[in-house]
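Dropping the structure in here first, questions after.
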Amino acid sequence: MTRILEVTNLTKSFGALTVAKDVSFDVAEGEVLGVIGPNGAGKTTLFGMLSGHITPSSGTVRFGGKDITTTPPHRRAQLGIGRTYQVPKPFGQMTVEQNLRVAATFAGQMDQRTADQWIGETLALTGLSAHAGALAGGLPLLVRKRHELARALAMRPRLLLIDEVAAGLTEEEVSAFITMVKSVRSLGIAVVWIEHVIRTMLTATDRLMVLADGQIVAVGSPEQVMALPETRRIYLGA
Amino acid sequence: MDLSNLSAIGAPPVTTNASKSAPWRIGALVLLAALVIVPLVVGTDSYIVHLLMTAFIFATLGHAWNLMAGYGGMLSVGQQVFIGIAGFSEAILIYYAAAPLVAVWIFAGLVPLAFAALLVAPMGIRWPLRRSWALVVFFCLVAGYEIAVTVKPELDIFGDNFTRRAFLLLFLFLGGLPLLRLRGAHFAIATWLIAESVATIFSGWPLAGAGGGMQVNADVDLLTLYYLALGLVAVVTLGIFLWMRSTFGLALMAVRDDEDAAASSGIDVMRIKMSIFLISAFVTGLAAGLYFMDAMIITPASGFSISWSSYVVFVVVAGGMGTVSGPLIGAIVFVVVDRILGQMSGQGQLVLGLMSIALMLLLPQGLAGLFGRSMRRRTHLIPFLRSPSISGEGQ
Amino acid sequence: MTTEDFYWALIDLANGLMTGATLGGYYALISVGLALTFGVMKLVNLSHGDWLIVAAYLAVVILGLYPVSPFWVLLPLVPMMFVIGYVLQRGLLNRVSTFAVERRGLSPIMAMMLPLLITFGISTVLSQALQLVFSTNAQTIRNDYSFSAIALSQDLSISTLRLGFLVLAAVLIGALALFIQRTHIGRAIRATSDDAEIAALMGMRTAHVYGVASGLSLMFAAFAGFMIGMSRSFQPFDGPPYLLTAFGVVVIGGLGSLGGCFLGGIVLGITQVLAGTYFGPAAQQLAGYLLILLVLAARPQGLFKR
């Protein structure tokens, strides 16, 4: 399978604090890669470097075979990298439909007709059709998280970065998200999915990556990785 | 489409509805036609014509500020820098070159535009070039200036050494300043500082009257100014109205609501901010150009006064931030309060200040919000007085 | 260069550094109120400068009524300004705090803008009101210290007033720091500035705490205004430059930190005085503004933060 994302030796320091050390990994087309790790492991920072909001201290990011290490965020979005935020960042004064339209128009670069259709599909897939006309700023938490996912999907990305959607949700709501991620994958979109509550994501991921203190501790199939003593130490022993 | 409904802060832009738009279009055309005829009815030199012209100018200034603050979320209290620069450019061009009216007017818009371009240019250039850009600007300014002075000594506009250096230094700093990256109070204070710094320069610049000010002998009659101002405000209003309905309007609102998310959604945030900053400067310059042709005199104190910002804030806040009709409504209120009531009491600005505080408390959406949105909005008429405000009180 | 030239260059530099450093105390006092409201409630009070001028005018009025030695005026002035600050916050500014605005269903942009716009409006009102009452004539608090100086050597001297104010600033800011660390209300202020929502949940009366913070802010404005009146003349429209300077000091010193105000004040003071020494008096103000712009652009987190 071709690789859509190739990360090599990515390193980031904030002053004396190194948040990512020599991080290297690949994501294949259509693959779901789970990323887990304790608080402050550097997961969100890693996403920031993939989406272009944070400039790495060193290392490279390649997307679809192109070096995008210094490409600004909006260009990366146009290339097909969509991301959600751990703390949702809706366009609060716009409707849900308009939020999605922004992504479809500017990142997805769709014309009006295509956008209309795709926005409709995205709304249905994320179960937001009923909220299409609501102001995004006034949505309740669960809906807000779905909206965050929906907006990233609305640009029809090739790679979707999901940052902790399951935290604080009930069992049922989590399984609804897992279903959504599965349907996203069936559309041929590759996914990198950060999550804290690991069990929730195991069924939907092809591979799992463990990050601690800015370093990759383990990568492999979910069963393998979960069986490793390092993973257990981080998650159970700490 | 209902003009006043258009994307007030706090209300989503209403999706276009062709059948609803007709009465408004007709209304706007009738209003425009009436304003064209007014001078013929009341007499071309009438006080009313002058008041209306003032209203047009302030509505335009309001539009320009609203574009930045109301739509773009960039609160500037330094619009006076564009106003002062426009006025002085005009005065200088008239005094030294005796240029024709239209050229003078365009110049009054172009110079602030160029200044704004200088301010935002570093943002348009990718990181590695940022520092060198400041140096390039600096060397170009110094070299250009020195060559010009060598060829024609009387061009030495900076007089003594210090002012000259300070002037160039100022541009060096401003050229390297990532102004548009600042947000909230930092942006506001930065714009104010820039205005004050430029005002300091103009206070000592012999070419511009060395602080004593200059005359603006544009040799233009009131009627011409009236129609120019009317045309300007009409074009700007229509332009913003159309612009906000385009995809650009969508991008602008996304940037205002969340810059990071906007970038992640494929919007070039800096380009959007730069465009509105530049347009705001240009429009402000054009309006100020007309103002000073009418006022016929400009001093550093009048051109760069912070009062300009408080006027403009009043116009937009009274009318409604982030609405197309807001500055129009606000300018009428402004003229009534400041020019009519104010001239009777001599305390126009005090009243304006008090009114803007009251309006922000009682009616943060402005008068446009009151007219625009049926009865629903009216239930929020007195939002801040009714119940205690921050957490912890009265619970 | 002759030894004589060299000597005078040194004297110039020493005088500049010393004047600049003592000016630091002056600037610290001007800006500490702004730093306080910024630190506690993220409020940048754009009318801060005008309150300094109001305090200076009040001092002149009180001294006009009771012609005593000028320092006594602080006795009524300081509590008066505290009360004004408290009332202003409770009556007006609390109604546009981030919470209030968000609770009213207005957008976050409004939450960012309303406090700025309101305090900007207050600034206009204050300066216009001062002009209405006192006209635009320059005023000053008459005193015997304005011109006295302490001679350190034949060619080096230091203004008594400036030195006095440096000491005063150090004492007052130290006292404020102690107050915030040791007293009950001080701890409440700190808790609220860390996280107002949690503080409110823990039963702190946020509205009252904000009121006290604003009161303290204007209390320091009283000291600063008195100091301005003692050392130079002032007019109704002098507020904005003080605001800009104060904001600059707060930014240079690292937003909201009290000790930072001192450092920021000294850096700004030295920059201005040296610019004035070498480029003439016109450069003084401009150099200050440019320094602030530069710090805003390059190090918005302040010069002294890592």
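Each chain gets a letter, A, B and C, in the order it is written, and its residues are counted from 1.
The criterion applied here is as follows: a residue touches a chain if its C-beta (ideal position, glycine included) is under 8 Å from a C-beta of that chain, and two chains touch if they have at least 3 such contacts.
Treat the numbers as computed from the prediction; the structure is a model and nothing was measured.
*Asks:* Does the chain-touch network form a line, ring, star, complete graph or other?
*Replies:* Contact map by chain: complete.
*Asks:* Where are there more C-beta contacts: A-C or A-B?
*Replies:* When the contacts at A-C and A-B are counted, A-B has more.
*Asks:* From the mean C-alpha coordinate of chain B to that of chain C, what's the distance rounded to whole Å?
*Replies:* The answer is 30 Å.
*Asks:* I'd like to verify one number: the distance from the centre of chain A to the centre of chain C, where each centre is the average of its C-alpha atoms, in whole angstrom.
*Replies:* Those two chain centres are 46 Å apart.
*Asks:* As a quick test, compute the distance in whole Å between the mean CA positions of chain A and chain B.
*Replies:* Those two chain centres are 41 Å apart.
*Asks:* Considering chain B alone, which of its residues make contact with at least two other chains?
*Replies:* Those would be 9-10, 256-257.
*Asks:* Please list all residues of chain C that touch 2 or more other chains.
*Replies:* Touching at least two other chains: 105, 107-109.
*Asks:* Touching two or more other chains, which residues of chain A qualify?
*Replies:* 92-93, 137 - these are the residues of chain A that touch more than one other chain.
*Asks:* Would you pull the chain A residues touching chain B in the complex into a rising list?
*Replies:* My answer: residues 51-53, 70, 72-74, 77-78, 82-83, 85, 89-95, 98-99, 101-103, 105-109, 135, 137, 151-152, 155.
*Asks:* Quick one: in the complex, what on chain C touches chain A?
*Replies:* Spelled out, the residues of chain C in touch with chain A are 105, 107-109, 306.
*Asks:* Which of the residues in chain B come into contact with chain C in the complex?
*Replies:* Against chain C, the touching part of chain B is residues 9-10, 69, 73, 75, 77, 162-163, 165-166, 169-170, 173-174, 176-179, 182-186, 188-190, 192-194, 196-197, 200-201, 204, 256-257, 306-307, 309-310, 313, 317, 321, 347, 349-350, 352-354, 356-357, 360-361, 364, 380, 383-385, 388-393.
*Asks:* Could you list, by residue number, the parts of chain A that touch chain C in their complex?
*Replies:* Residues of chain A touching chain C: 15-16, 92-93, 137-138.
*Asks:* For the complex, give me every residue of chain B touching chain A.
*Replies:* The contact residues of chain B facing chain A are 9-13, 126-127, 247, 250-251, 253-254, 256-258, 260-269.
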